[in-house]
């Protein structure tokens, strides 16, 4: 059952992809992750984002992941799929396959590896929008893509209908605020923050939702934060945000033995293993998985945040 | 016929991938490019490098490109294939397919998009080497990958046998010199510079060859430069290098209308079109192709360098 | 009259330094700027920050600026002075001279130009604190300094008493939130945001104040925003912030003819000239000053924000 | 006795500034450094460069350093002085004081800390040239300044007479080669490389000299390398360069306990202490000085390069 993602609101976690010890996807765990998130009250699900280790998965594996995800969700929530690869026609290829598998929208970054100009980046989104059977959400993630989507780029693409929303993981709160203001007359366009730590502030400025990696671990926390903000209960929102910030410290337990990236998603997986949701905390190669000592630190933080 | 790439020496151009106006590969032009390079006297061919727009091509297209290339080369020269994608298992997948298609070695970057630590990067190369049926060459390209392969990383991987060579496009001449010195007792390991402009200096410091994008346009120039250097005729090498530097100015004719990347490879394609080798100067999407005015500037530079 | 800056709260603008056409300081205008800010209800004044073009001024000029400022303020408000130069002993020299001129605290960046490690940066702040007769505030400005003050660095220095506050212009809202949380038991330590665009969010997360360059133009706006936040009137705070964001667009009127830096402070000076506060909008060399057309754009934005 | 620096050629070391344990300049050691370099056969001396820890010294200390240096040199060699600070009028102030103290030329970077556009950078050099009583040399050091001097900037300033030379520490060999080629008709303009490791290659491409920090330790090595290159003895030049590269490894002995900057200049000072030239290896605050164990590593490397 197709869902319209225009005007999407709320908490839309980027869903982790559980792996088995041999680095293949652990589908029973994956099912449990999805049910855990739906039970947590989230408003949509974003598969194959950076938190899902999307760029570690080849075309065939991505297809299996999306097919499984769409099947488990079964229309209960809108489903977004990341279609992340360096350049335009590959992204279109991913988008077509994702759409045929039943996702409701695709999430697209600027080109990477190749050095692309701002004008070529606009053209990239136009081509992908023209080639994708489902709506396109722009994904601004300079830490991975090494370029920033300019306010003019996002607003221009939004007004011409090439994109229906923005997931802003740039950390540039001022820039997000301007996009929200520029698009205030277009409530069908959504702006979500990709950060975990500033969600109360982002919602205060008018963001329409949040795409928190930490939402894999504690979806209910983000849902409570979102609902408090929607009701104007900013003191409640702030207190929930403060608790989630303490919990977020699970993302640094692997560093410096692992990379920052492996420590972050690895922290989520380790926490979900402690909660009985996933079977292993294995990270895709060449990333290191958190070891026993690092896992113990993750669990201590979870207890401090009232989660274990 | 398999060729041993250990101890490879000389000029190994990263071969451009000619496109038709509809962005599909133009195979008749591609054949002409390969014959042009072989006729120019080069010592090996590197397909699916950055100059080949590798990251714009999906798995199936890459396979067709390599199958065609291997068929045309027909064992006359060693064939390297770039297996460039963000993470380990995808790279292994590319390497296996490339090997099955008959290439003699694969060229591998560090992971990108994902933020990987130095230790994880070492593990990446080890995994790829273990998974690849053919030898691995390390490809250091910080401008695209956004990390630099450390001297210790390269030398360690070389000594343990995980890599048989280095293509250094980092622009860090001092770093290259240290790797060459550290590996001086191992003549089967090769170090090539990926730059076009400093080849005389690189060969003076002991580099074993060059992988020049501009070699698509003027393979003979780089072959003469290489041979002069091998004979210790540094004045001749320097003069040839100076001429090639003038010619290299074709890479900036598209900027700022196009990105730097599109202007560079686009300059090569435009020059090769003027020489009757390729049918169009089309760049993969979303890159802009050089227009008539920019192409005229390319041709003027070619005439100044004695090429038209 | 010395003021204790411990526990400082509120709006503390980084005061622009008006220049005459010959690039010398325009002291009558400077007096008017200070009176304008005090009349606007601000809670402190920060001289010789980046917005004051501090690094353009030599030792003697800085002394004259501070002597004038202290004289005009005459104890009505706490006075902070930036002591910005690349390395430790020069910063100490600035701090001693500033203290002798009567400032209440000094604002100190990490070393720049030189590449300093995190441990050496800690030592830098310790040395400056030991050498400065007045309290030290840490100034985190990666866009100029090219390093970020880590949470551990700031909290460690705060707990050992080397710094009494933080001006965070890093744009890293999550990082600021952690420092605030880590120092929650120490209300004498203050954390202020240096950004103009996210002040409602920063105050919601518990920041103790704001150091807005735009506060030179509209001090009353930031005071209203601060007071609304202190009263928990987040809707009012948000609306005021939205108006200030529209006004902030004056900072881009010079680009690309001028640098971003010259356009920003130049926009403030141009606005203050339109309000009759400063005589010229001259920027220190080699920065370009806004021309008539660019100034007209500034004034149009001011009218749109209800300021002219 | 004034020396004309136009058409300067050869080895021009950036002279270290020896310190006493209390961080003040050790003038007797400084005298020995200068005599050591002159005895080594160098062709000019560059005081107050980055290797001299210029930005750690305030105006009065810089004056004393230059007065001492000019007195010791006593006209035997051309004397260049770095006038490094963030912005134009301060640089002019330094240049005037340096000129009045008898230096033959000043070495000027682009503005730093402040974000300056390319056009403003051109204006910076023009203003400094107009305000300096002695000729100006452009200093390209992106690692500290965080911007690169474009080929067009350097060549334009050279042709209009604003600068008489370039010290290129950018590591961009291709860029240096283009400047040399563009200015080939103007032998009074000099281009020197600031790198230690690629001097043979730089001289092969036509660079007019070298400004090697390592020349403080082994001036004779760089003089031999330069002379061999001038005679076209490239095999000799290469061998000398290879030996100097081994010696250069002294710059990494402090890392990671110290910053890279402190380890580099600290390595030079430690080596010179071992040679009896300077009394301490003290680095300006907040940099850490090499300890006994690190110093032992420096000395082992020196022995390996035939220097102790």
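Per-chain residue numbering starts at 1, and chain names A, B, C and D are given in the order in which the chains are listed.
The rule is short, and it goes like this: a contact is a pair of C-beta atoms (placed from the backbone, for glycine too) under 8 Å apart; a residue touches a chain by one contact, two chains touch by 3 or more.
Note that the structure is predicted; figures quoted are calculated from it, not measured.
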Lowest number of touching-chain links that must be crossed from chain B to chain C: 2
Reference chain C; chain at largest CA-centroid distance: B
Chain pair showing more contacts of the two, C-D and B-D: C-D
Chain B and chain D: spacing of chain centres that average the CA atoms, whole Å: 35
Category of the chain touch graph - line, ring, star, complete, other: ring
Contact pairs between chains, per stated definition: A-B, A-C, B-D, C-D
Touch list for chain D against partner chain B, complex: 171-174, 177-178, 181, 195-198, 200-202, 204-206, 232, 234-235, 238, 241-242, 245-246
In the complex, chain A residues that touch chain B: 23, 50, 53, 55-59, 84-90, 93, 111-117, 119-121, 123-124, 127, 143-146, 256-262, 284-288
